[in-house]
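Consider the two complexes below, in which chain A is the common component and chain B and chain C are the respective partners.
Let's turn to the complex of A and B:
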């Protein structure tokens, strides 16, 4: 039914066949109705290997329409391999508008970051999830973890966090930090840095999670409580950085360490490339920023 | 028009994009309970199945999803064959076997706990109810709270099931088991997922 007279005519719109989309759409609706519960779905083979975001791609393919504007990020960056290839994939099979601008995107597919720019109502954030089961490394049997979710038996997770404190003096989990959704299900927020956990709490955007290899979809509706697990005497804390971004001087954002040479030289820069570029366009300069901003405007990253 | 013609006509003009439009409206309504998501009349099923609930059936149902029709819909052979032709969905023997239940006269419908509630292990194995209501403004106002709602939302669906507020409270108490409701009107859809709480006004 694709009307476009292009080379995508050999595919259905957005690659997946209609029956697959219906199956995924039903799973998404159930996921939204039961926040944090992992809905099993019949994940398909995608034209990319497991681990490259097949779950997120299937979710995006099932919700996307011709009017959507898609942004894809990989660790916050719009210009890394995974982001560029998935963006190109949807440009080809769905012929949608793509962008790197967080504010204008209607669907943002992400691998392990939440954009720094606040999300708004109407936006959908689609996470690529490798291991959706937060209890999996504590209890490998699916039959057992399912029972634990059914009985709301999450003591094991608290024991794990307690053992962190016993060993390290603090909760040493820094990414995939477990959260409790709407006071019921413990959920893996995907391997985002725990820095991003507070952004999930009562976010105005709809958050959908797709795990292709593990065949699970789950969701957090807008304005839903997402609380990071902690203890009264060891409250949840996010990472802090003792220096601002070396390029745009942003503070209170998540920074990546970039090695500059083999003599120990390094710098910390924004993980969110869109946020960093916008700030530099506004004239913010970090201590390692070039005097003039040379990035050509409105160009597809990595072209 | 004979039944054969009735059962073939009235499907989506553009199946891929119409199904996506309908799904996005239902998804947004499910994510923001109490909000009304407009939906153009994309399907023309035989009466008394409404255009909106017919479109939802075309968008979400197929041979994996047994359907249950309330007596008003079940009485029409044309509806059964229209759904059969366009979706391939089988009819469920009992409401508890149904993945989707279509209800044309919610005021006379059976109790919510007669439908599949899912299990504690698999709460997603529950029935989604599509209720055809006249409008969302002329009934008893329902003050809604819960996930997807920033502070509170109000809808006033007409012709709701008897003792609906009490039944819905029981549905809430079964969480994570329970049914989800899609309210279909000629203007659009609104949803009540099982997490939505109806706040009763204190006298």
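Let's turn to the complex of A and C:
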């Protein structure tokens, strides 16, 4: 990438050097060619600690161009520390336009949520992944799990689900719920709530997963089958909420519990802040929504 | 009953550098037959067992196995995927130490059900019913089904390991000192159970043991190994009652009389 006419000469465009970006792009292309397969890559040190999204940041840095519009969410929120920092980082090192609007973003880097607003063709969703190996806690040997992926030996994955039912009477896994991609590889969808699993299935957007500490990249190309594992007599089902969002009255969205005081007061609000704000701008009001319309200014950043 | 063997082993050798693991071992194993391999520590019994169960590749020699379709397949020419599939469907492997053959951190039911799920069973109720059935066949109470094997005694763990191996209805089971480390009364019950299961299911088994009593009780035929070579083989009763090779005579006469 050539130098931009802007004053960002102190960094290479998007922070990473060009060779690194090429290396990561090759890993991404391989990942796209083999949906769900974990491609090893030479993860770089990033100016942030492991576990804060170094994998996602490297993927984003490798695919972002000057014309892209970037949105970053952390557990659905645009205004938490991680999201704000990563957005500011790319604004500085790539000089790209940033947004909180899901529909207009071309790249959405996410930590553990898929936006409620349906994604469209041409958008890229970049996941930050802490543990890419779905079999990790069942089989600790990496040599063995890679062999199991290669030979498609996934009986063990169902052992975990069996254990859930035996212990809790139902499949109690609520996040990082294992999926099978394009009928072949079993994949960890990163710790998104299983509520979001159906959104991955045949999504028109490209989905890229980066695990910086574990040095793995994997991908789900657009319109790819992503099926959550289950039993015939215990089918996959998503979380349901018995009340709508307290601020925007949205139903069938993923809600967060927010503690209001130290007397047990709490409310359930959309985890997707952009979705919630849009709905309130449209005039939807939940039972705890403030009287005056001050939606965005009202939201305190999480600590 | 078929007139063809289940397993044909011919001139099997395994060398660790210049050291001999096992040398030039040949035999046939017929369906429903239990073969005991006896010998002292370091005589190559376990090396032989590991070669036969494809956990170890031999230095030379061949072993062919008659698949369920009646065709003989050369074990060491099969792809790893085929071998592993064979291992978890048509074969069983009972380790001396149950912790090697069990998943100690998942429940007994899941341990038994794992093979079923590995071959594509996706109905929780049926898997659990099969697990209950198998636990009762190896004399583990039904209410222990959700306990982890860590909470089991040594004898129970060994029985659980046997159930886990037999659940897919294998035709050939490898056992490495199945009663090792168990006290005699538990050994006796386990042997009784094994003998019953082997007869009921028509299993063929290769049992490695240093305990001649185990060989006497379980097997119809036995091979005596020394320094990696087979020094004597024949019907178990014949070998034990009328040992011919000097080493076998030594072995038989070394049995402690109580």
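Convention: the second predicted complex is superposed on the first by the 287 of 303 C-alpha atoms of A that agree within 3 Å, B and C clash if a C-alpha of one lies under 4 Å from a C-alpha of the other, contacts with A are read in each partner's own complex, and residues count from 1 in each chain.
Everything that follows uses one rule, which is that a contact is a pair of C-beta atoms (placed from the backbone, for glycine too) under 8 Å apart; a residue touches a chain by one contact, two chains touch by 3 or more.
Note that the coordinates shown come from a computational prediction; the quantities given were computed from them, not determined experimentally.
Colleague: Once chain A of both complexes is superposed, is A:158 in touch with chain B (first), chain C (second), both, or neither?
Modeller: second
Colleague: Indicate the residue numbers of chain A shared between its chain B interface and its chain C interface, in ascending order.
Modeller: The answer is residues 147, 151 of chain A.
Colleague: Which residues, counting only chain A, touch chain C once they are in their complex?
Modeller: Answer in residue numbers: 147, 151, 153, 155-156, 158-160, 162-163, 165-167, 230-234.
Colleague: Which chain C residues qualify as touching chain A in the complex?
Modeller: 80-81, 84, 88, 103, 106-107, 109-110, 113-119, 122-125, 127-128, 145-146
Colleague: For the complex, which residues does chain A have touching chain B?
Modeller: For chain A paired with chain B, touching residues are 1-2, 12-13, 18-19, 21-23, 25-35, 37, 39-40, 62-66, 121-122, 146-147, 149-151, 182, 184-185, 204, 206, 219-225.
Colleague: Can you check the complex and tell me which residues of chain B touch chain A?
Modeller: Residues 14-17, 19-21, 23-24, 26-28, 30-32, 59-62, 64-65, 99, 119-124, 126, 128, 147-150, 175-176, 180, 193-195 of chain B touch chain A in their complex.
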